[in-house]
Structure formats: C-alpha cells, structure tokens
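First chain written, first letter: the chains are A, B, C and D, and each begins at residue 1.
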Amino acid sequence: MERCPEIADKLMPLDEAVRRFIFNGCQLAIGGFTVNRNPMAAAYEIIRQGIEDIHLVCHSNGQALDILIGAGCVKRLEIAYSGNGRFAPTCVRFKKAIEEGELEFEDYSNYQMALRFLAGALGIPFIPTKSGLGSDLIKYGGFSPEIREDEKVANLKYAVVGNPFSSEKDEILLLPALTPDVTILHAQYVGEDGTVQINGLTFADLEQAKAADTVIITCEEIVPRSFIRLDPDKNSLPSFFTDAIVKVPYGAHPTACFKFYDYDPAYLKLYRKMAEDDNLFKEYLDEWVYGMSSHEAYLSKVGTEMLLKIKANPALGYAQGLERK
Amino acid sequence: MISYSDNEMMAIAAGRLINDGDVVFAGTGVAMLAATAAKRIYAPRAVVFFETGGIDPSLDEIPMAVGDSRVMSGTSLNSGLIEAFSTVGHRKLHTIAFLGAAQVDRYGNLNTTSIGNYYKPGKRFSGSGGACDASALASGIIIFMQHEKRRFVEKLDYLTSVGWYKGGNSRQELGLKRGGAIAVVTNLGVLRFHKETKEMYLREFFPRASVDMVVENTGFPIDVSGAKKTLPPLPEELKVLREEVDPQRLICQSDMNAPPG
Amino acid sequence: MERCPEIADKLMPLDEAVRRFIFNGCQLAIGGFTVNRNPMAAAYEIIRQGIEDIHLVCHSNGQALDILIGAGCVKRLEIAYSGNGRFAPTCVRFKKAIEEGELEFEDYSNYQMALRFLAGALGIPFIPTKSGLGSDLIKYGGFSPEIREDEKVANLKYAVVGNPFSSEKDEILLLPALTPDVTILHAQYVGEDGTVQINGLTFADLEQAKAADTVIITCEEIVPRSFIRLDPDKNSLPSFFTDAIVKVPYGAHPTACFKFYDYDPAYLKLYRKMAEDDNLFKEYLDEWVYGMSSHEAYLSKVGTEMLLKIKANPALGYAQGLERK
Amino acid sequence: MISYSDNEMMAIAAGRLINDGDVVFAGTGVAMLAATAAKRIYAPRAVVFFETGGIDPSLDEIPMAVGDSRVMSGTSLNSGLIEAFSTVGHRKLHTIAFLGAAQVDRYGNLNTTSIGNYYKPGKRFSGSGGACDASALASGIIIFMQHEKRRFVEKLDYLTSVGWYKGGNSRQELGLKRGGAIAVVTNLGVLRFHKETKEMYLREFFPRASVDMVVENTGFPIDVSGAKKTLPPLPEELKVLREEVDPQRLICQSDMNAPPG
C-alpha cells in the first residue's frame, strides 16, 4: 500500500473499513443488481461484525440484501425488488422476514429508487415522475408515523402535486431524495490516484455513491495511475467521493463481476436450498460467514475449481458455456 | 408434428406481436426468449434492451436475470437504470415491455408484490422491480402468466403495476398519457383488451389448449366469442429459438419458469 | 453509404439533414460548449438555407450561437452564457443583438439549463434546484405574456415552491423542462450500427439529445460496428435516438473536436474582428458562409496549413504548442 | 527585486487562500492560474475541476476557456455539466469556486449579465454561465475583479450571482445553506467580508498598491482599518507559475485578461 501516497489514508483492509464506517442503525445503500457486482465480501464482514438495525435502501439488490436480512442485520428496508433471477424468483430470507413480520418495510419501484438516489446525488430534496400514479405503491405507505420522525426517513412516502407549468390538470408524483449514511460499491478497478472505474452496466451505483455521506469501494484491482488515466471517458467516480478503498479480489462472489468472473450457479443454488430452512440457514451462516476469518479463507473454501469455472472470458465479460441449469 | 414446450409456444406467440422498429424492454425467462426471438425472426430492426441499462446486447447466451453479465456483452451501450427507464418512457420511441406477474385483473393491472395483507402478507413476492415503471411509461406492455384461476382474479391483492386501471379512459385520467396492456400471453393462449372498455377477452387459444380450459382457469367472466386457434410454432421459429436464442435450452425446454409466486 | 444497411435511412448529406429537419420557427438546441464541438458545419448550412425565427435554447454555446444570431436566423433565445473564452469574453454578435433589442431573450444559468435538458430527457415536466434563489435570474423574466402562450415556451420562467418533504420552511426553485424540436450534436464517431460515441467531455450533449424530438448527429467518422462495439462503456447514444447521421470531417471548425483537432485561434480572432463591425461581418458571411458551396469548400479555404497546425495530438487530445496568443 | 505582473500577484494571492483538500472549481484566465498554482504550491491534495465536467486534468498547457480540450486531457474523469455542478454543491466536499465579474457590491453579490435596463441594456455581458450556480452551491467563492469604481458599486445593475445577499443571515434565509463570498482579489489587494455583517473590508493591499488607491477605486465606503501589505510573490511561487502553470506565458505576462465588460 505504500506505493499509493495519493490514497494512503483511504486504502485499508475490509474489516477496518466496516469497523470505521458502518454503524448500528446506519442507512445503507449497496451497489450492484440481483446477481451482479453485489459487494458480498463487505456484506459478509458486516455480518461477522454483528452490525444491527441497518436501514437498507435498495432498488434490486439481490444476494447482498438477502443475506443481510437473513443474518438479522436489517431492521428497516426501502425496496423495489428482491429477486435473484432464476436462482430465486423471490429472495428467500427476504420473503420469510416479510411474511413473518420481522421487518419495517416500504415498497417502491426500480425507477423510483434510482430517481431518489439521483435526487440525493444532485443535492435536491425531491424529483418528479409519473411512475406510480394509480398504483398501490402510493396507496400503502409501509412506515408508521413514529418511523417517519426518524431524520433519515422522509416525512411522506410521496407527494402528488399539480404541475405548475401546465395550464391543464396534470398531476405528478414527487419522490423524496435518498441520502444514505453509507454506500458500498464493488468495482473492477481503483487507480492509485483514487479514481474508480466500473466496467459494464453501472446500475444505480454512481447515483448511490454520490448521494451518500460515506462511500466504501471494494475492488478487484488497484491499478497504476497511468492505467486508470489512459481513457478517462471510461471512469466512474473521482477520488473525492470515496472514503475507503479496499482491494478484495472476487469480492462480489457468488454474484458476477463483469470481465472478471461470472455468478456462481452452484453456490447460489446451495444458498437457496439452505435459506429455505431456518436451521440449515444457521448452518450456512456458521460455515460460510462466521466461520471464515477473511474473504481469502472464504475463497479457499469455494475452491480453485469453481473459481476457474466462473472465470470470465475477458472478451465476453462472462464465463462462456458455464453450467447454469 | 413437431413437439414444443409451453415456453416455446408462449415466446413465439408473444414475439409475433412485436413490430419492426419497436424498442423492446425485456425481462428474464420467457420474456427474454420472446424479445430475442422477435428480433431474430419478425422484427430485425427492433432493439432489445434491459432495465439495468444494457442496450442491444449480442445475447450469444441467454441471460438468467436482467443483471446478468450477458446483458452487458456486445452491447451498443452500457448505461444504468436512470437511462434505461427514461428510454422506456421516451416519447419518440415505441417501447414494448414484457412483464410477468403473480396476479392480473380483467384490466391488465398486475400484482408482483404480495398476497393477503400488505403489511403481513400470506405470500410475499419480489416486488415491483421495473414493472410499475414500464407499465406507467412504455407504449405498451405484454404480460406473461400461468393461466390459473388464482392468478386471473377479480381484484388484485396489491396493484403493483397499472394496466388499463379501471377500464375506459381511466388510465389517461390518471395522467398516464400513453401505454396500457397490449396482451396477456399464457400457457393457454393470447388475451387482448377491448378497444373501448379495456376489458380482457380471449383472442387466441393455443393448439394444445381450448376455449373451455381458458374459461375454467380464469377467475372472472371472459369474452371468448371471437377466439381462434393459434398457428402452432413453425419449424423455422423453433429452429431460431433453439439454435440461436437459447442454445443451452435453459428456458425452451421447461415450462414457464420463475413466475413470481 | 451502402456499407451501412442498419443506418441507411439515417445517413444523408448535410444539406439534406438541414432541409428535412430544421424548420422556420423551430426550437433548436446545439451541442458543444464555447470553443469546443459546436456543430459549426450544420450552423453554416442553416444560414445558407436561410432558416429563420429559430428559438435557440442554450447553456454556453459560443461560436455556433453567435454566428446563428449574427446571420439573423434567431428570433428567440434562452441562454446561460455567451462567450468564447479568451477569444470573445462576450460573443460579439450576441452582444450587439441584445444591446440593439433585436432578440427575444431570457437568462438562465448553466446548471439550470443543463437541468432543464435533463428534465426533458427524463420525460418529467420540471426539476428542482436551489441555484437561482435570490438572483435577478428569477426576478426578471425575459419573455412577454404573449410569447409565453407559445407551446414551446413554459408558462412560467420558474416556480418557487415549498419542499413538501421538509417540516421546516424550505423554498426551492422548480425549472421547466426543455424539449427542443431539434438537437444537433457534433460527435467524433458514429458506428455503422448507429451508435454514437463522443470522446472527452460531453457537456450537456446527451441530455440535449434525449430531450429532443429530432436529433441530427454530424461526426468526424463513420466506423465499423466492430470498432464502436469494442468497448460499449465508452459509447454515448444508442441508434434509436438519432434521426440523421452526417459525416462531416472538421465539422466543428473553428471550434475544437477533442482528439481530432484543436480550435483555430487565427480564425476565431478573424471572426471576432469582423464581427465587431456590421459591414465587415456581412463580408465575413459572404466570404465564409454564403460563398461556400459545402463544408469541403470551406475547409479548402481554411487551408491545409492551418488544418495541420490545429491537428490534435491523439495522445493529448489537442494541438500541443499551438500558437494561441 | 523580481518584477511580476498584476495577474501573477493576483493568482498568487488567491492561491494562498486555498487549503489542502479543497475541491477547486476554476474558471478561465487568472482564476485558472490561481487554481493551478494553488495545487502545485500550497495545496497538493486539492483537486481542480471545471464546470464542463473535467476533473483534475494534467494542465500541461493552460486552457483558454473551460470548454478547451486541455481541460479534458489527462483527467481523472470526463463527465458533463450535470456531474460538475452537482459536485460543486456536494455536501461532503469543501468546494471553492473562482469567479470573475463586471460588478460586485459590498456583500459580494455579482453581476455578469448587463449594465442598464435588462431588456435593452447599455452593455451586455456573457451572462451567468456557471457563476450563479457556483455562488449558490459551493462552500465559498473567490472573486477576481479589476479594482475600479464602476465595478465596485452600491447597487448592481443585475444580480446574477448571490454572495452574502443583503448581509447578515440573509443568504441562509434565502435557503442557501452554505457558501458565500470568501474574498475579492483585485489588482490592488485582497478584500474579505466581516463575520457578522458580511460587509466587504480591505484585508491586504498589494506591494505596488496602497490603501488610498483602494478607497479611491471603490464605489462604496470601505473599512480599511486593519489592512496590511501583502507579501510579494516569492521566487518559488513565480517559478511554478511561469515554468509549470503557464509556460507559454499566455496569462502571466499580461494584466488581468478577459474580465466581463
């Protein structure tokens, strides 16, 4: 780490980043989407450190969302979608937690959540949209009036207002901005100058990062300044938005990281099976999360054979011909 | 006679509804088969894109989720959710969204949220995802369903996504200036909506199904008076589906996979 | 052009693109910023075709803005900034037109204009900001009530509203969206599949394009599909937003086009000098615009020597050591 | 004694106001000299960026406009206006904007729009550009001016950019929760603002200027009671300015260039 004087105070091990920046009751946003680029290593570390009462604000964060809920770290949830594609049409621990009344939750849509992060990133208090008019997303607020007094919860789920720029009747929804305490993203590259580069789709990662007070980036590689500055049109975030940079190869496993590795279908199936049963899920957590001293130990347990199977063809970005049934 | 799966029939029937030049917002599973098949067979100038931001990927392998790295590969452009949803709603584009649901009502409104009391539901599903947005903003939606009474209901437990709302002009009166439900494609046939009332009716039943099966499996009275039998999948349609769209047979060979619930 | 079946109906010569899509009285947005990537060839062609009564909506479009105003094509203007850096702290013909009362105009700021294009791109009727509170940008509307009845002009310049999500007094500006009839951008590359790639800063180009009914792209090169799809993370616009694609090498001259050529300081100085005097400006237009049958003829007049001087070093993106005093 | 230009003195005086870690929003001309000099001399961890979207360019040659290709070269990131202005206003960053103006009043409010009647002005300038935005959203602004009576006025002809508005807490009461004018740097000295009243006062006069020159050239009464003479440019400051920041001497060698008006 001494090679990077520009980011010396931001480079740190994962356990330190979680210890310094994630706190009980924090409002947390995580990057990625369903089976892609979830900051899984960070999620595992949050569970290991026993962080509680998290207020999670999500669009479609599949795997990380589900395991954080399953491990009991989450108290409150604003969510658009909890599914993992074919591996779990509805995330299993999420589903159980809702059905058993264990979560404070409120439903939005993906665009609504993305727009709320955008509003936070732009520093504006709300943003309008037509999406949601007539739906039960508006009709049913999930949070109680007491919860709405929390400073990180908007006092209204939505406001419906007339468009002052229209001479005809034109109603529109206003969505309150989101400004998470912390956002965690998993990126492919961080430069020695602190520049973050995400390859492939960015989902709502950049809006989530810019909306947050604190940003933790886990990444596959720390790369030289000369590499990250070769084509700045491809870069995603300048250094001044990030507070912690952590090198964690395979840090998104079992979700995919475009150009580096694919999702791990066997692991996701195992997870789903164990998540279906409370006792099995405890075993799963003991075996795969609490029992692991580090992400390196976890990867050893995943095993070289699987890591090679899911290794992405860099020209395609995924593992061609991977057994996915 | 060629054998084919329900998913294949559904993908082909839905694909036939796509016009050249449409911009198609695809989900996963059968929706993705249908979108890709449409482009390769019926509408070569259609563009397929995903809510996650991937536009016109090469789709050499079929993605298992809209967040799959396969939707980022060989694209015209990799962007994000904001760009994708503003594209769905763009006034100059004719955008068609393929969606699945746990429940649909006679006006093509959808539930992908929960069954029972919203606050402590008997069954919880994944939630809106992009469905509410696509339903509100696209030029039209095409819905995939398992045709079952508990899914075709008089009243949704939760209205996640607005189709024709309460019928007639009620969708426009909400402030949604375009869009609405074009069709529901099920394992039994294709349902459309009456021009004026916006009520669902049976337009086509699949060769292996019948009008009676549709009536029995629909939880509200349905007009079947004009229903015709669907043309079965043609050999060239199946060939494209199996050899180009889903060569690994991940979706083709099974029945409809992964409907919420 | 036969090599590009995917975009055969969009590829056309510049005069045809202007004839088909630009009309008298249209609301027009142009890409670029002050001395960079202004669609100058398109501006010259608009002047040659005698298009009138344009309603120009601009953030900081220096050179193209000034020449369109100077040639009498513009009737109405929404503007944040009219300057050309050191070459013209205030654009000369713009300045004269305002001082002589020849334009209907209204002032905004750069962020406000960019946000208004963003709102148009998102398909929302307005967008909030704090920028402008207390300023005369709010106090003085430029347009008369009659002009405000035009369907392409918002009925209000701004609305100041209370934030419904705040329990304290919190006033905020709402800015009306812009949805131009036409946006013209000059890009480095268009692929044979219609994908547009802009290199370097994108200013508000992408928002301007997505906000418009019709989009004309002039570009330096049409490139093979394999080239434009090599790294889709770098691309700017998918094909379905564009209506006309025109190959015009040096189409931004005398403004710069990152990686291709720098601005032309001699030309900009000549322009400024001639623009200062009404008669000289007429001569300038006759000589450099009306007198040119095409952009190729114009470039011949600029001359090889200057085109070589301003040729960008591709590693830097500009012409190193260019005489700029 | 080393000779130096007004622009050099101004750039150095302004650069000395930048703290390490500041995120500096630079304009053109002297502002760009000051921002770049600050980073190379006083605040190596400061980041210089431009309203056009270029962040931390290498600036091997000095840009002539914020739209110059030189602000896109060797950057950390090339983005656009939306990203740049949302960065200026970002609550977690300490952002300082360098701005020029045609007129300033005692509260650091700026006019870059016009002189006379707004609708048919005696003199029209370029307009706000990003000045209104940076003044509203940044943690603070530093203003460059030619020190002339017609520019330091009792009342602006047009208030383009809000500094301390009407003084006291009036800026906060507008809803602008941070920011305000930090200093005005002129060819005669450095002016700051009183903590409570937010009225302008003379803090430093340059070695070639005097308190009297400031009073004579200011169009409103100004407190000069605590003014001290500025430390002249140090050899190492001039060396960096001339050899690293502006090796072509495009701005260093002249007096202040391109003030609006």
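We take it that a contact is a pair of C-beta atoms (placed from the backbone, for glycine too) under 8 Å apart; a residue touches a chain by one contact, two chains touch by 3 or more.
Predicted, not measured: the structure shown is a model, and the values here were computed from it.
Asker: Among all the other chains, which ones are in touch with both chain A and chain D?
Answerer: C
Asker: Comparing A-B against B-C, which pair counts more contacting C-beta pairs?
Answerer: A-B is joined by more C-beta pairs in contact.
Asker: For chain B versus chain D, what separation do you get between their C-alpha means, in angstrom?
Answerer: Their C-alpha centroids are separated by 57 Å.
Asker: From the mean C-alpha coordinate of chain A to that of chain C, what's the distance rounded to whole Å?
Answerer: Taking the mean C-alpha position of each chain, the two centres sit 38 Å apart.
Asker: Whole-Å distance, chain B centre to chain C centre, using C-alpha means?
Answerer: 40
Asker: Determine the centre-to-centre distance between chain A and chain B, using the mean Cα coordinates as centres, and give it in whole Å.
Answerer: 27
Asker: Tell me, which residues of chain C touch at least two other chains?
Answerer: Residues 115, 122-123, 130, 170, 172, 200, 233 of chain C touch two or more partner chains.
Asker: Of all residues in chain B, which are in touch with two or more distinct other chains?
Answerer: If we look for residues of chain B contacting two or more partner chains, we find 72, 74, 78, 82, 89, 137.
Asker: Chain contact graph: line, ring, star, complete or other?
Answerer: Contact pattern: none of line, ring, star or complete.
Asker: Strictly by the criterion at the top, what is the full list of touching chain pairs?
Answerer: Per the contact definition above, the touching pairs are A-B, A-C, A-D, B-C, C-D.
Asker: Across the complex, what residues on chain D touch chain C?
Answerer: Interface residues on chain D, with respect to chain C: 28-29, 51-54, 60-61, 63-74, 78-82, 85, 89, 113-114, 118-133, 136-137, 158-162, 165, 171, 174-176, 248, 250, 257-261.
Asker: Which residues of chain A touch chain C in the complex?
Answerer: The touching residues are 115, 122-130, 154-156, 159, 161, 163-167, 170, 172, 174, 176-177, 199-200, 231, 233-234.
Asker: Quick check on the complex: what are the chain C residues that touch chain B?
Answerer: Chain C residues touching chain B: 6, 121-123, 191, 193-195, 210, 213, 228-229, 232-233, 235-241.
Asker: Write out the stretch or stretches of chain D touching chain A in their complex.
Answerer: 23, 45, 47, 49, 55-56, 72, 74-78, 82, 86-87, 89-93, 137
Asker: What residues of chain C sit close enough to touch chain D in their complex?
Answerer: Residue list for chain C touching chain D: 32-36, 59-60, 62, 79-87, 89-91, 94-95, 98-99, 101, 107-112, 114-115, 118, 130-137, 139-140, 142, 170-172, 200-207, 256, 258, 262-263, 312, 316-318, 320-321, 324-325.
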